[in-house]
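Each remark here refers to the structure printed beneath this line.
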Amino acid sequence: MRDLKNVNDAISFDIKKDRLFSATHEEILKGYTTDIYFLRAQEILRHLNLESTPVVAEIFPRREGIFAGLPEILYLLKDKNVKIWAIPEGESFVPYDTVVRIEGPYNEFGVFETPILGILASSSAWATATKECKEAAGDSPLLCFASRHVHPAVAPVLERSAKIGGADGLSCVLGAKIAGIVPKGTVPHSLKVAKAYDEIVEDNTPKIILVDTFKDEAEESLRVANLLKDRLSGIRLDTPGERGGVTPGLVREVRARLDQAGFSYVRIYVSGGLTPERIRILKEAGAFAFGVGSYISSFSPIDMTMDLKEVNGKKIAKRGRIPGKIDNPKLIQVK
Amino acid sequence: MRDLKNVNDAISFDIKKDRLFSATHEEILKGYTTDIYFLRAQEILRHLNLESTPVVAEIFPRREGIFAGLPEILYLLKDKNVKIWAIPEGESFVPYDTVVRIEGPYNEFGVFETPILGILASSSAWATATKECKEAAGDSPLLCFASRHVHPAVAPVLERSAKIGGADGLSCVLGAKIAGIVPKGTVPHSLKVAKAYDEIVEDNTPKIILVDTFKDEAEESLRVANLLKDRLSGIRLDTPGERGGVTPGLVREVRARLDQAGFSYVRIYVSGGLTPERIRILKEAGAFAFGVGSYISSFSPIDMTMDLKEVNGKKIAKRGRIPGKIDNPKLIQVK
Amino acid sequence: MRDLKNVNDAISFDIKKDRLFSATHEEILKGYTTDIYFLRAQEILRHLNLESTPVVAEIFPRREGIFAGLPEILYLLKDKNVKIWAIPEGESFVPYDTVVRIEGPYNEFGVFETPILGILASSSAWATATKECKEAAGDSPLLCFASRHVHPAVAPVLERSAKIGGADGLSCVLGAKIAGIVPKGTVPHSLKVAKAYDEIVEDNTPKIILVDTFKDEAEESLRVANLLKDRLSGIRLDTPGERGGVTPGLVREVRARLDQAGFSYVRIYVSGGLTPERIRILKEAGAFAFGVGSYISSFSPIDMTMDLKEVNGKKIAKRGRIPGKIDNPKLIQVK
Amino acid sequence: MRDLKNVNDAISFDIKKDRLFSATHEEILKGYTTDIYFLRAQEILRHLNLESTPVVAEIFPRREGIFAGLPEILYLLKDKNVKIWAIPEGESFVPYDTVVRIEGPYNEFGVFETPILGILASSSAWATATKECKEAAGDSPLLCFASRHVHPAVAPVLERSAKIGGADGLSCVLGAKIAGIVPKGTVPHSLKVAKAYDEIVEDNTPKIILVDTFKDEAEESLRVANLLKDRLSGIRLDTPGERGGVTPGLVREVRARLDQAGFSYVRIYVSGGLTPERIRILKEAGAFAFGVGSYISSFSPIDMTMDLKEVNGKKIAKRGRIPGKIDNPKLIQVK
Amino acid sequence: MRDLKNVNDAISFDIKKDRLFSATHEEILKGYTTDIYFLRAQEILRHLNLESTPVVAEIFPRREGIFAGLPEILYLLKDKNVKIWAIPEGESFVPYDTVVRIEGPYNEFGVFETPILGILASSSAWATATKECKEAAGDSPLLCFASRHVHPAVAPVLERSAKIGGADGLSCVLGAKIAGIVPKGTVPHSLKVAKAYDEIVEDNTPKIILVDTFKDEAEESLRVANLLKDRLSGIRLDTPGERGGVTPGLVREVRARLDQAGFSYVRIYVSGGLTPERIRILKEAGAFAFGVGSYISSFSPIDMTMDLKEVNGKKIAKRGRIPGKIDNPKLIQVK
Amino acid sequence: MRDLKNVNDAISFDIKKDRLFSATHEEILKGYTTDIYFLRAQEILRHLNLESTPVVAEIFPRREGIFAGLPEILYLLKDKNVKIWAIPEGESFVPYDTVVRIEGPYNEFGVFETPILGILASSSAWATATKECKEAAGDSPLLCFASRHVHPAVAPVLERSAKIGGADGLSCVLGAKIAGIVPKGTVPHSLKVAKAYDEIVEDNTPKIILVDTFKDEAEESLRVANLLKDRLSGIRLDTPGERGGVTPGLVREVRARLDQAGFSYVRIYVSGGLTPERIRILKEAGAFAFGVGSYISSFSPIDMTMDLKEVNGKKIAKRGRIPGKIDNPKLIQVK
């Protein structure tokens, strides 16, 4: 597979028909996920002998959030002749902040404008959503359960971004590996399953059992606690919306019943449609930890825009933008 | 890389530290994007000698939409011992419709629950968003400009889903290839650039020039039309929000000025923050085609849920669900 | 106890200190629940030798509704020298309709203005609230469970008004007796209780068991159905608000599970915070009958106003009202 | 009339057909206002030889308010073998506070669950509504004019509850007697009536004349002040809604005209659709006292729930509630 | 006073310090109410020898309405060398309709751009507001009482515009004269005043008496009707807002009382804060005629814009407008 | 033209048919802009020999605002035998404040009630609207561009009132003269025009050029700055609504581009649909001065009411008002 250089390449290459639709790493690195627009632009520059003209490009977001995705950008451009400045991974930004600046010949990176913006827009959105939840959870553990809502190709990207945003636990195997932590989960429950689980797993693992499955949550919590005793670390409530979801009243009741039965060490994990506001309410009611899924996965990408700010040392700008570099004291040279 | 079979595998494997964070095709196919939860579940089943128990699982959505992503599901399970029924790609669904049914031993597909749901949730959301826009556009061309808002690993998935939802043009090179069409785009404009473009590109290509760049849109439209004459197919308006965006008044004015100057064959393409409602308004004002980006990319994934409905021929269900298969006349056996 | 005639009587009479606070029938009939205002008015008329002047008084409501309470009015005035016209019990009215007209000397009924207006305001409100629920329930049985929200002195008045408004079942013993029907209820549930109930009650009684008590509603419904078999007529869902209340999803699920287990003859009764709108939704989901409480008991009294319209044959009116009788074709002479 | 003990009693007793529909004191004390549900429950307990099992029951409200009705509860249970704790009459409560606790054999009080809850729900609602008005009125007199909106059987209960909630004056003769105060009212006005009233009533009574009747309020206020001179204590404005109601402008004008004419000692009483908010506005405008009716009578009953918390010394609870007694430091043993 | 020709004139002329601030007719005709902007523009044109260049100017509104003010425009330009087209006085327009087109040398009318736009903006607004009221009043008389809310210099302009918009009666002496009708009004009322009025005015005049002044409106209506008998044509209700304004209930009551007393020929005129919506409600309640003031006077001027559409036969336009004449079939040549 | 004295005069006088419709100064001074109502009233008083009865009349507003128009009132009444008190021109008032008090025989000023109220209502509204804008603008210049929205007869009244409310610049020639300042404006732009203007006008005048006309605002601002250099004082942005209006982003961009090009001394004037809120936003974005039009011209007249408060030394009032003078410490005797 050769580097994508011009419009003709973009039309004439072949792919297998029977495949996953997500792009492979090679396809991304060779430029095949670009918009055709940028190939046209490069062809014209070449025609005008301008392809090596030095330029300064800056990227800015249109909403506030938490910056994530930089390592993938650096990996994409690792062999290119450009200098790069960026704000640190996990740093906050406000609209119009310069978050990345790239200097070098335009043809070194022009074809990567689409993937660079896409990586930053997605990763920053997921980190930002997680940060909002973590702020609501405070010192309580926040677990990311969002991978089932996104394409598996980006599930590890999402989980790693959630880690940047403050998630304490990740459920996706590859995501946790990339983020450098051990994946965490719970176990579906029936008495038989819980017993088997108890036999399989060495005792020092924290066992958390999901009790939404077949019976009343309070009754089941007590049954599983009586079965596993001090080998039970927590139960997870995930009452489906059809049954009213997890309410503060349910958390309070299960907490009281566990306490009355001597299981005050058993922690209550909650999940199911959590938002920062519901996290605050359920924490107040006694929940210990929070599993968040769709709040993170459905957070809108934070649109990023790349503007040329200098060409050949001369300040320029499109209509509606201010010509020349816009400084941001948080920027650090990273390449 | 070996198939992911148990919790220990999930902890002990190694990956390169310096890499893109998106999952490779091999990682997805070997099960590395699963939630750890499903590995635990499979381990317990194995311990209970139940791993080969035949089950029936069904997938249903929680919001209405357009179904997309089936070919990837079939590719994922192509070597597995399961039967599959599904509604056709591009078909509409309402909440709680059974959209996929899988029959076979649970361990044949359990580890793929996370990626299967993620593929369907994302792809169906993108197809649904595009459909809404296409319904607004009617017989006018709808172009998908969304790839810059998502991670490049899924940009082709998004574009292919947009095609399923009715998009007439795609901008991402790999996305268009997978969808089986030629990618489409415009060219940034300055007189010099337009002239170069005119020289490079063979005359029978439809040339569409973006006129948002440096000058008044009406004035620039006329200049580029005068330069390219009948080699100009259309101009694209993409006035930035800082300058008020593309308004119906602007479309009407540019249309009138082009007509008065004899360029009634030059079509007006519009883009920038379009929604179904704005598409309707701008179409009314005279726009010819519509480039949509963030409406598609920020459409919330349509949560999909997989439930076990039969185990060993016996109807079951979690609390809040109805036991046994739920029929849907749109289901067709696909494997 | 003598009839209350003047202000002095109203101050000098004695009552037991240790008693219920509600008025006895005798106290009401002797005039002791009047406002002191009307005693003053009568004293003045007597002083002016006007106490026997013939007058025409009319009562009108300020909101629309269903008329109820007439038999108590007639009982109150049964020995008085007045003629009375009224719209029929259960008839609808709109604001400013004349619903009752009384002709005779003012001192025959003046002291009863307070109790007459109070009876009509309360009874009509309760009948109206019930009517709204019954219209939502259509041909499904509507049961009144409101007596626990009102003072026991008026519980039978409320239940009888609910009957006028369309209730099919009443729960209060005295209320049902006054309304001329057999009281209806359910039984709290635990397996032991259900078994005992089954032994006590002769088989041809419809047995309806409340399943909100200790376990998951679906599971319990099946257990009680398996225990009582065809001696079970229905189960009642009354899930408390702390657990999300009775949802359409819960009704659908319990219905499906009962049907799958061969108990399609077991009906689903629902209660708990029902309103006309929720009745419509739950009926759609498969509920058979509806127990309504606080919607009826908390319905605001429909203010009734009594105006003098003629004195000694001469039309009069207070400011803001139109002098003279206001006819209503629904009026019928009832005394 | 014998005590109501079982379902058969509830069906077979007789009543007079021609009567008031409200329950007599005897009917209430013998249990005839219970829900049939509680008779069934008791029958089953008897069948299981559990009728004398000691239980602990607690009552809690679902909205915040002012507690009222305790003396009637104690009167109902005066001959029963139970211990009772309660918060003081007039005390405030918040949702889920334990307001009453009863200990003893269930069959001693089970049949009274309906009337006990009904008394507390109604009385506390009326006291709470009055309290809200009194807080708005501050040190200004608050008069309860609500008896004409409720059934005469409970008019004295309402008025006594209003006294608990802070009302300074009551209009219902029996209500005032039960509350231990002298009833208060005004007199309808025409010059002739006012003159007669002046002749009848001894001079040291505070005379308050209603001036809404036939003429302009300001003009009439002056005429009646000129007639009665220092024998006039106040005038009452009660302008009907058809004429715009009592507005702050009207109060200010009448106050100014009375002052200019030397009647600054004549106070302005207002009534007609008052709410706490309107009381605040009219007080600001110069009103002296406030007559409130429908705000009190239409206040929704504050639902009360009785839960069994211990049976035979063992903690229990229905689903959704926390097992065992829930302490409240405001509770005092009252029996 | 000489014609205003250039910036210097605009600064050097003198006026009396002690005067009314409104412009005299001469000042308007000589150009002294122009914006200085237009003088500058003309000076520059003269400098460029372009002052006599033929141009086409068009005026369009930005909101919909009723066209009024044309005769004053024609009077302003009566001696100028221009051709004029306009839509007819009283015609309706929608936004962007061409309502006036002027052709001729720019210096013939440029200095009048400000007064021309001002006349049309004010006059059309007043006509439009009146039209809305008249549509609500239908066949009932609509009287304009707005002159007291505007400067006397434009009171006749307002009244004449109201006539264009459909007003049946005008109250301002000069306004009525200009509109060619006899001014109409009512008389303030006290018995003494009404009697005097009856003596002064010849009997065949329709006498309408304002009854808001000192007493209850219903009582006063009857007194004045009894005094003037068939010499009374109508009474006017104008209850001040401090007393609740004129309500439908008041109209109904006064109508009923007049009818009952044999004065069904006496008509009810209403005024005070009327809007189209209140006119509809009060007409329904029985009001005969409507006096409208602030709805007309406070109607926002309908902004008018004058654009040059051709210069020397060449189509032009400012940014945001379409070049060249925009035809409107309602245009008629008027000069 | 004689003074207007009675109803007959009002009907029998003649005017030219071909004229402006605004009232001349003489017509106003002779009373021809009165409502016919006041002539009737005066005729009746004369008939009753009451025309010379001394009265006290007071004027109060119904909304809060800034007082303006007093000099015209004094000019109107300069030869009348009355004493006048008023609050100072430019002073603030709240609803019901006495702003003017007139003492003297009613026939001296009765016929002027309509014009007096109209002058104050209009002038105070315009002053108040301007004040709100000036408060938003703070120390930035505020220019009144409203004359094109009102009839030329009152354009100078509006502008003079705007000056009272705080406007720093006026555009109407006669308005500025009356307000005692030099009129200010800008110049429409094209390179040719700007050059001509530069040649005509002596260099020490501040030149402000409108750049909305034909090209992109930023580009044009730079072109005109390069042409006029330090003879350019400011540019005015007035982007039409069809093109999105003047946005904060546009102001920021033009400011930055001017600064980068060395034109930091060129100020940005903005206009077009400004309101106090938009002034605050655009000032924050870097605008220097603000041209306001329709916010001032469309501000609703502040209704003024004149009440008789004493007749022949006796306090009186209409219903709804308080009899006698109402003092206001801000009142000063002005005649």
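By letter and in written order, the chains are A, B, C, D, E and F; residue numbering begins at 1 in each of them.
The working rule: a residue touches a chain if its C-beta (ideal position, glycine included) is under 8 Å from a C-beta of that chain, and two chains touch if they have at least 3 such contacts.
The structure presented is a predicted model; accordingly, all values stated were derived computationally and were not measured.
A.B. asks: Chains touching subunit B and subunit C alike, please list them.
C.D. replies: Touching subunit B and subunit C alike, sorted by label: A, E.
A.B. asks: Can you name the chain that lies farthest from subunit B, using the mean of each chain's Cα atoms as its centre?
C.D. replies: Greatest centre separation from subunit B goes to chain D.
A.B. asks: If you average the Cα atoms of subunit C and of subunit F to get two centres, how far apart are those centres in Å?
C.D. replies: 64
A.B. asks: Nearest whole angstrom, what separates the Cα centre of subunit D from the Cα centre of subunit F?
C.D. replies: Each chain's C-alpha centroid was found; their separation is 59 Å.
A.B. asks: Please compute the C-alpha centroid of subunit C, do the same for subunit D, then give the distance between them in whole Å.
C.D. replies: Centres of subunit C and subunit D (C-alpha means) sit 19 Å apart.
A.B. asks: Which positions in subunit D are in touch with at least two other chains?
C.D. replies: Residues 214-216, 239-243, 249-250, 253, 319-321 of subunit D touch two or more partner chains.
A.B. asks: Report the complete set of touching chain pairs.
C.D. replies: A-B, A-C, A-D, A-F, B-C, B-E, B-F, C-D, C-E, D-E, D-F, E-F
A.B. asks: How about subunit C: which of its residues touch subunit A in the complex?
C.D. replies: Within the complex, subunit C contacts subunit A at residues 214-216, 219, 239-245, 247, 249-250, 253.
A.B. asks: Which positions of subunit D touch subunit A when the two form their complex?
C.D. replies: Listed in rising order, the residues of subunit D that touch subunit A are 315, 317, 319-324.
A.B. asks: Taking the touch rule as given, give the residues of subunit E at its contact with subunit F in the complex, in rising order.
C.D. replies: It is residues 4, 10-11, 13, 15, 18-25, 27-29, 31-37, 39-41, 43-44, 47-48, 71-72, 75-76, 113-115, 117-119, 121-123, 145, 147-157, 160, 171-178, 182-188, 192-193, 196-197, 199-200, 212-215, 239-243, 294, 297-298, 300-301, 303-304, 318-321 of subunit E that touch subunit F.
A.B. asks: Along subunit A, where are the residues that touch subunit D in the complex?
C.D. replies: Touch list, subunit A to subunit D: 216, 218, 249-250, 252-253, 256-257, 260.
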